[in-house]
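Next come two complexes built around subunit A: one with subunit B, the other with subunit C.
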Partner chain A sequence: MTRRFTWLETLRLAVLAAAFVFVLFPIVWVALASFKTPEQMSEPFLFAFAPSLANWQAVFASGVFAAAGRSALVGVITVAISLVVGSMGAYVIAKYRAGGSLTRFGMLAAQVVPPAVMVFPFLTMAQALRMTDTLAPVIFAHLSFVLPLVTWFLIGFFEAVPASLEEQARVDGFTRWQAFRLVVLPQVYPGIGAAGIFGFTLSWNDLFYGLILAPGNAAILPVAIANFNTFRGVQIGTMSAAIMIAIIPVVIASFFIQRRLVQGISGGAVKY
Partner chain B sequence: MAYRTHGVFAMKFKYGMLTPLLALFVVAVGFPLCYAAYLSVTDYKLTDRTPPDFVGTANFASALTNPAFWEAFATTATYVVIAVSAELVLGFALALALHQQRWAKDLSRAIVLAPMFITPIAVGLIFRFLLNDQIGAVPALLHAVGADYDFFGAGKALLTLAFIDVWQWTPFMVLLILAGLESMPKQPMEAARVDGAGPVYRLRRVLIPMLAPVLTVAVLLRGLDALRVFEYIYATTRGGPGTETQTLQYFMYLEGIQFFRLAQASAMAFIVLALVLVVIVAAFRAMERNRVAERSAAR
Partner chain C sequence: MASVTFSKVGKAFGSTSVVSDLDLELTDGSMTVLVGPSGCGKTTSLRMLAGLEQVSAGTIHIGDRDVTALEPKDRDIAMVFQNYALYPHLTVRENIAFPLRAKKTARAEALRRADEIAESLGLGALVERKPKDLSGGQQQRVAIGRAIIREPAVFLFDEPLSNLDAKLRVETRTELLRLQRQLGITSLYVTHDQEEAMTLSDRIVVMREGRIAQAGPPGEVYRRPADTFVATFVGSPKMNLVDGTVTGGELRTESGVRISVGGPQASSVTIGVRADDLILTPDADGAAVVELVELLGPRAIITVRSADQQLTSVVEAAALTEITVGATVGLSARDVHRFDAATGRRLDA
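Take a look at the complex of A and B:
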């Protein structure tokens, strides 16, 4: 195929190249900083130096990995609950148009209430159940924003499934549950994947609830990273290494999930 | 046996499917909301040992007359408008650029989308040091060319925070717009091209109208999320210089958690919620109108 390099094509490549630099520069800079000694830190443009592993050793010893594990656990449990409960509900909302289309937006409205206000009821609840500084209240709090968004996405996916498909299944003798489980649900698997990734990202990213509900032994990754910030100036290298631990898995993951995400979302979520 | 959508079994199925969602919604969203609503009409403080007293609308009145609250409101509005409009324009351009990318497609998409997967506190801390006057690379670069710009100085910090938001969340816009582009039929653009329409005309008259629903959803979701900005401020300015970068979220965090005035903070949250609901309903109405207009135009 011969592609003519018009000015438009040149502009397109320039925009992309600029975006690559814009995205990668901060990440590369932090990656370099994680191998620097405190003295080298004051030279921002030092690119060739003997890498020091001291920061990484300090981070390995600090329990950031355990925190990352806890974050992943919280994300997986939150998303699993949201997907099971959300897909059942979203299917009915999409099929019977329960509550009209305002339900979908009303669902998002609750997201506007600041975590600073929502967190206190969760804290009271955790104290009453003697579960402070465990992961349970964090999972519960994460459900408060992951569940609405996941359900919101799923309603769009279910609406895109033609009703005739399910009617045929019912004529063929499937029960309502079987028609949902075996015929309709497989149609929205790509969407469920996308919504799941999305929900996981939301949970993985949250600092606030973790900071207040589980600040100590059950600290999740963002809390563990934020804790490096208290020793200002002193531990920049260690903090850079900790930040890299938060970045590396998701950047690798983004390579594998981006296609699924784009395909999944184009399957219905963007048709409001 | 006839297939029926109504009747006892259909109802049983419908509510059976809906009940878990409703129950979880009530406990995870409804309960904290109601609790906060209750607190907002009391004089409760985090340090109280006695049960709170009912004070009616006093908290709402004092919030509405509190200049600091409105200052935070204006700060947040400025932040959201700057960040989201920049993200929309950049996201649109990047989505178009990526849509036509053929070689290294997955890699280039992964690079552009990567920032949205990084936890915001990490992003905030990265920029805190990248833009730091003593050790940051960007100020050093500026010094080298003789320029001097204090990224977290007076009058500039809010813009810097919006910039951080743009770095992290433009990918979200790219994602939704890219998904919209991929699911869009190809014929209208081809037809416009064949008819000799230039790129600007095709963009304005064909592409943007066709993507309008996607753009609305993207702006709405992003706007709602940007309203809740907390991590960047927590990582960088902590509301300063002065109170310049105290956004609503951070302001309510200070009121409720740091200064223990949880009743006040709850009242503020509900005022914000009411105002945002007005905006959402207005946006929703406009979308419905467009939809109806499109349908009648299509006939």
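Take a look at the complex of A and C:
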């Protein structure tokens, strides 16, 4: 049986297609640019050309990979701390209403404050501790937005765990901490995994804090990418190759967590 | 194994008192059932014994240990929750063995004992499964297995049968009773189902509004209910209660109900008659009319109306040739309970 599209479905598909092109076009353009020579770069709408690996070779030689390694390190440490602290925080907020609704919703206030307001206290502290241009202040700065989001993200997952599971474990002879670790936590592993990837992506994508707190030898990947904007002009080809290196992990991560992402961001408000 | 003693135990949530002045002793090895309508404080009492709720007043002892301030893990109890609370990430075998992990039993030994228990509960073939792959009845047995592996001093059951279908509920009830008798572990069982309470208990404790309305062997509570609340709560169909005056061996109400009850004269009395004890006699001049006949098999529940009062009687199915809907019948009571019309208390207590 053939299925006929109604005008509404046609419209919906058209909007989706437009959105798809709108989102994907810059990525495709950057991917193509990473294989163009400087001469070909002057033709933005050139889509068929002999690809050159010159940009990629330049990127390999430029230290972008070292910066990517530093970004990964910052992301992993930030996420590890956020998951340990955030899971415990989310648990007591979900189960014991700790801090009341002010804490629950107030923790998102950090997202409203512009990073520009936050960065100078971080910079002042880093200077006082003689830690400028190291990864430590970047990690602290990233924690300021990753930790609240990871916590918020996990609340809904903990709320979905029946209280009787923890109570059963306590009656079965375990302490509250053991009940949390051995029984409650395993129920939210999917959420923890998604929160971890989500938090890592946020940290990985940050340019602002990295640019101010560690602009030099300890530059993280987005800073390294920005450095292709030199006094001689923007080196679009090499920058594009570096951008591709930054994009690929995020795209892969997003693919794996897309469903959990909706569930976490809605704080468990949406039935799933 | 041990006895359990609640002494003057109270529980309030904020200014709302849920349980007050609870004095209760569970003798060693006995099965005590707390029963009552929702919100009567039975589950709260159980949870206080488990340590999942703190008491607001009084003390709780298990044996001669004062456990009032102890954590659940230190009370040596096992509990079966209404929803079974099986650990979803563990297999049947691991679920049953889990409490032994807290006792630091070697893993191999714990799993071996779990297998034995699973086998004895008819779960032998399912030990590798996760709870989500089990039926309700199987999940229930896993929860029981997990409770017995600890060999606790006290078993706690929080409406463990209420999620099962009617047939399985009766089967599991029998199985549970057999197991409790066999293990001889002091048990406290909470249910809102009076039939379950009657069949399972050595001692039934009827609760109402946070207090004990009556406690005793189920037969005694059934035969001699302490007040009209217990009288109507225990027994099915529920006891008929009629307010009136007894003169000349007949109960009369102002509206015109007449039941032959025997016994001494009394005014302002509430007469209780169990459905089994209310005898219907086909009588064209009778005071009641048959409204409804519900056949149960060998017997039938008959609903009759007399003036403003609806009454139920249980009769042998053989009598149904004469007792039909619309028939006029006379009422007499084989055995009556007399209660104070004002307070509802039993008069010959």
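Observations on the structure shown:
As a working rule, the second predicted complex is superposed on the first by the 218 of 272 C-alpha atoms of A that agree within 3 Å, B and C clash if a C-alpha of one lies under 4 Å from a C-alpha of the other, contacts with A are read in each partner's own complex, and residues count from 1 in each chain.
Rule of thumb we're sticking to: contacts are C-beta pairs under 8 Å (C-beta built on N, C-alpha and C of every residue); 3 or more make two chains touch, one makes a residue touch a chain.
All values reported here derive from a predicted model rather than from experimental measurement.
When the two structures are aligned on the shared chain, A:Glu167 is found in touch with subunit B and with subunit C. Of the two partner chains, subunit B is the only one touched by A:Met88; subunit C is not. In the superposition on chain A, A:Ala31 makes contact with neither subunit B nor subunit C. When both complexes are overlaid on chain A, the residue A:Val117 reaches subunit B alone and has no touch with subunit C. When both complexes are overlaid on chain A, the residue A:Met131 reaches neither subunit B nor subunit C.
When both complexes are overlaid on chain A, the residue A:Ala66 reaches neither subunit B nor subunit C. By the touch criterion defined above, A:Val76 reaches neither subunit B nor subunit C.
With both complexes superposed, B is the one of subunit B and subunit C in contact with more subunit A residues. For the contact definition in use here, the residues of subunit A common to its subunit B contact set and its subunit C contact set are 167, 170-171. Interface residues of subunit C facing subunit A in the complex, by the touch rule stated above, are 50-52, 71-73, 77-79, 81-83, 85, 87-89, 98-99, 101-103, 146, 150, 156.
Of all residues in subunit A, those touching subunit C in their complex are 162, 164-165, 167-175, 178, 182-183, 186-187.
Within the complex formed with subunit A, the subunit B residues making contact are 3, 9-10, 13-14, 17-18, 20-22, 24-25, 28-29, 31-33, 35-36, 39, 46, 93-94, 96-98, 100-101, 106-122, 125-127, 129-130, 134-137, 140-141, 167, 175-176, 178-180, 182-183, 199, 213-214, 216-218, 220-221, 224-225, 227-228, 230-231, 234-235, 248-249, 252-253, 255-257, 262, 265-266, 269-270, 272-273, 276-277, 280-281, 284, 287-288. Within the complex formed with subunit B, the residues of subunit A that make contact are 8, 12-13, 15-16, 19-20, 22-27, 29-30, 33, 41-42, 44-45, 81, 84-86, 88-93, 96, 98, 101-102, 105, 108-122, 124-125, 140-141, 143-144, 147-148, 151, 167, 170-171, 176-177, 180, 201, 204-205, 207-208, 212, 221-222, 225-226, 228-229, 236, 239-240, 243, 246-247, 250-251, 253-255, 258-259, 261-267, 269-272.
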